[in-house]
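All chains are identified by letter, namely A, B, C, D, E and F, in their written order; residue positions are counted from 1 within each chain.
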Amino acid sequence: MTEKVAVYRREYFNAAHRLNNPALSEEENKRLFGKCNRPNYHGHNYELVVRVAGVVDTVTGYVIDTKILSDLIHEKILNRFDHSNLNLDVPEFKDLNPTVENIAIVIYRILRPLINQSLDLKITLHETDKNFAEFPA
Amino acid sequence: MTEKVAVYRREYFNAAHRLNNPALSEEENKRLFGKCNRPNYHGHNYELVVRVAGVVDTVTGYVIDTKILSDLIHEKILNRFDHSNLNLDVPEFKDLNPTVENIAIVIYRILRPLINQSLDLKITLHETDKNFAEFPA
Amino acid sequence: MTEKVAVYRREYFNAAHRLNNPALSEEENKRLFGKCNRPNYHGHNYELVVRVAGVVDTVTGYVIDTKILSDLIHEKILNRFDHSNLNLDVPEFKDLNPTVENIAIVIYRILRPLINQSLDLKITLHETDKNFAEFPA
Amino acid sequence: MTEKVAVYRREYFNAAHRLNNPALSEEENKRLFGKCNRPNYHGHNYELVVRVAGVVDTVTGYVIDTKILSDLIHEKILNRFDHSNLNLDVPEFKDLNPTVENIAIVIYRILRPLINQSLDLKITLHETDKNFAEFPA
Amino acid sequence: MTEKVAVYRREYFNAAHRLNNPALSEEENKRLFGKCNRPNYHGHNYELVVRVAGVVDTVTGYVIDTKILSDLIHEKILNRFDHSNLNLDVPEFKDLNPTVENIAIVIYRILRPLINQSLDLKITLHETDKNFAEFPA
Amino acid sequence: MTEKVAVYRREYFNAAHRLNNPALSEEENKRLFGKCNRPNYHGHNYELVVRVAGVVDTVTGYVIDTKILSDLIHEKILNRFDHSNLNLDVPEFKDLNPTVENIAIVIYRILRPLINQSLDLKITLHETDKNFAEFPA
C-alpha cells in the first residue's frame, strides 16, 4: 500500500483577540476591521483541525499515532494559545494581525518542522461556525 | 388549545472575558479560577438559546413571532455583548464575575421585563461545547 | 426502580410550507408572516425529537423499544410529512397555519393515542438551527 | 508569503424544490426521482459554504474580507434563493433540474465573475445532513 | 439570588456493549434486542451530559466549579467506562442489561452521593445521534 | 458542462473493535496502542462519508443517484460492519489492525470496483469527533 492516507486530529482553544495592524492609523484600522477592531478585544472558541497525510505504517496501521499528534498540538499550540490573548500573550502576533488566515499560517509554521518531512501537513482553523481558513490551500 | 407550547430562538455572540472577583485578592482569584483568571482575557463564541412558553395565538399560530424575539435579542443583548469584553465593556459585569451562570442570569434580567408577563422565559447559554448554563433551572 | 426515565428518538423529514392563515386577507398574511408567506412555498429539513418518559421495564431495560417508537414515527408521521407540501398534502394543515408550534402540536395529537397512557410524551420540532418548538411545554 | 490560503464562509437558505426534468414524461420523472418528484414540492434548509483561496494581503491579513464575501452572497444568492421555490421563482432552474449538483454549479456561475480572478472559488452545498455536493470537484 | 441555576458538563466515552438479559433464553434475547444482541458486541461513542442545579455561590459565581465536576466525572465514570466493554468490564452491568436507560441510571447512582445534596442532579446520555436517555425524567 | 462535480453521501455504523496487531507480542501491542488495545474491545459510532466525483448527467442532473449510492453502501458496508465486532466478525480485519486508516482503505477497496471507473471515489471515516481519516489523500 503506497498510496497516501490522511488522518485528522481536532482540538479546541479559547482565546481573545482583536484585528489590528499596528502599522496603520486607528481610523484606518477601524475602517478595515469594523467591530473586530474594538479596543478591549473579543474572543472565540477556536476549533483546530490538523491533517497529516502519508503512507500507512504496516506494523501499526497508523499514518501517525493521533495520540502523539494530539500531545504535540497540546504542547506546542494549546499550551501557548488556549486561554490567552493572542495579540498580547503570543509573540508571533506582536506585529502580525491575528486574522484566522494568519493564525492558521502561524500554527502551520510551528508544527511543520516537528512532523516528519515525508508527511504532508495542512491546518484548518474555525473561528466561528461561519468563518474558517485552511493552509496551505 | 390552552396548553402551553415553547418556542426557542438561538443566537450567537463572540466576547472576551476573564473570571475574576474584584473583591478577592489576586492570589485568591488565581486559586479559584485557574487559567480562566489570566490577566489579558480569553474569549468564547457564546451560543444563546431563549425559550418563551405560552399559549399559541389562534390567528398567527405563534407563541411569539421569533422574528420579533430575534430583533429584541439583537437590540438588547447582541448589540451590547457581541464583539465586546464582558468585564470592561458591559456595565453589568463591573462588579459581577462573568461566569456562564451569571451571564445567563444577567440576560434573563434584561429580557424578562420586555416579554409579556403571560409568557415564561428561560435562558440557556453555551460557553463552550462542554460547559453551559440554564436560568431559571 | 419506580422513578421515571425519558428516552428520546430523533428523526428527520423534508417538507415545503408557507405561513398563511386562510381566514385573513392577503395583505394581512403578508404583514404578519413576511417572506414566510411567499406564495410558491419554501421548505425545511425538519428535525423531530420524540420524548417518552416512564418506568423502565425490568426485563428489557427499556422505557419503550426505540425501534418500535421509530417505526411508529415513520408510519404515522414521516410517511405523511416527508417530501410533502404541508399546506397542500397534509389535511391537518388545510385550515391550520403550519408554524413550527402548530406542526409540533399536530404531531403530538397523532402520536398521543398510540403510545401507552402510562408514558409521558413530548415533541420537539426544529425548523431551522435557530428556530424550534416544544409541546407540551 | 506567496503560498495560498483558503477562507470559507458558511451561509444558510431555506427553499422548496422538486426534482423534475421538464423534457421527460411524468412517468419517467417519477421513475428517476421517486419521492423527490412529488408534484407539490418539498424543501430543505440549504447550507452553503463558499471557499475562496489566494495569497494573504499583507496589510489586512485577509485573503478576502469575509464580511464583503458574506454581503455578496446575501445580495446575489440568498436574496434570490432564500424562502423561494427554486423551480418556480429562480429563472436559472426554469429548464434545469434543481439537484444539489446543479444548484452548486448555478451558484458558482453567479459568483465567479464577481470575485477577483486571481482568487480560486469553490462551492459546497449541503441539501441534508446526508447529501451534499462540491463544485468544482 | 435564591433562584436555581443549572450548569451542564458534557464528556465523552467510547465503549463496547451488547443488549442481553442473562435471565432470558438466547432466543428471547434475540427476539427482544435484534442486532443489538449480536454475540461479539458492537459499540458507541457515548456523549454524557451532567446537569447540576442549585443556587449560585456569590463569591465564585458558580453553582459548582465545572473543572471539579469534570474531574469527578473522569475519576468515577470515564476511568471505568471509557475504552471498556460495558457487559464484561463494568461490574454494575454484570446482571443488568446496558440499555441507554440503565447506563444513565447507573451513572446517576454513582455520582449522586458525591455531589452536595443541596444540588439537583440529572444525567443525559446519548448513545447515537438518534437515541438518548435522561434520568431522572 | 464537462467539469467535475463531487457528491457526498453520509452514513453511520456502530461497531466494536480493538487495536491489535496479531503479529506482535501482547506487551508490544499494549505499548503501541495503549487503552485502544484493551482485550474486551471498546466501540464507536462510525460516520462514513463517501465522495463520488464526475461529470453531471445532463438528463438527471446527477453525478450519481445518491439513493443508489446509499443502497450500495448499505448492502456492501453497513450490512457487514454495523452492529459488528470488526476484529471478530469482519474477515478483512482478521489479520489487519482496524485503525481508522485501515478501515477507510478496506471500505474503499470494497466500493471501488462497484462504482463506474469514470467516477472518482474518496472515503472519509470519522471514528470520534476528534479522529478521522481520508483515503485516498
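Operating definition for what follows: contacts are C-beta pairs under 8 Å (C-beta built on N, C-alpha and C of every residue); 3 or more make two chains touch, one makes a residue touch a chain.
Given the structure is predicted, the values throughout are model-derived calculations rather than measurements.
S.K.: What chains do chain C and chain D have as common neighbours?
M.R.: none
S.K.: So which chain is the furthest away from chain B, centre to centre on CA atoms?
M.R.: Ranked by distance of C-alpha centres from chain B, the top chain is F.
S.K.: Can you grab the rotation angle between chain C and chain E? Superpose on CA, round to the nearest 5°.
M.R.: 120
S.K.: If contact pairs are compared by residue number, which of E-F, C-E or B-E agrees with C-D in over half of them?
M.R.: E-F
S.K.: Among the chains, which is located farthest from chain D on the basis of C-alpha centroids?
M.R.: So the farthest one, by centre of C-alpha atoms, is E.
S.K.: Compute the distance, rounded to whole Å, between the mean C-alpha positions of chain B and chain D.
M.R.: Their C-alpha centroids are separated by 34 Å.
S.K.: So how far apart, in whole Å, are chain A and chain B when each is placed at the average of its C-alpha atoms?
M.R.: About 29 Å, centre to centre.
S.K.: Provide the list of chain D residues touching at least two other chains, using ranges where the numbers run on.
M.R.: 129
S.K.: Between which chains does touch occur?
M.R.: Applying the touch criterion to every chain pair yields A-B, A-D, A-F, B-C, B-E, C-D, C-E, D-F, E-F.
S.K.: Can you name the residues of chain D that touch chain A in the complex?
M.R.: The touching residues are 1, 3-11, 53-54, 56, 59-63, 65-67, 70, 120.
S.K.: Okay, in this complex, where on chain C does chain B touch?
M.R.: Residues of chain C touching chain B: 19, 21, 23-24, 32-34, 96-102, 104-105, 129-137.
S.K.: Which part of chain C faces chain D closely enough to touch in the complex?
M.R.: 12, 14-17, 35-36, 38, 40-45, 82-85, 88-89, 128-129
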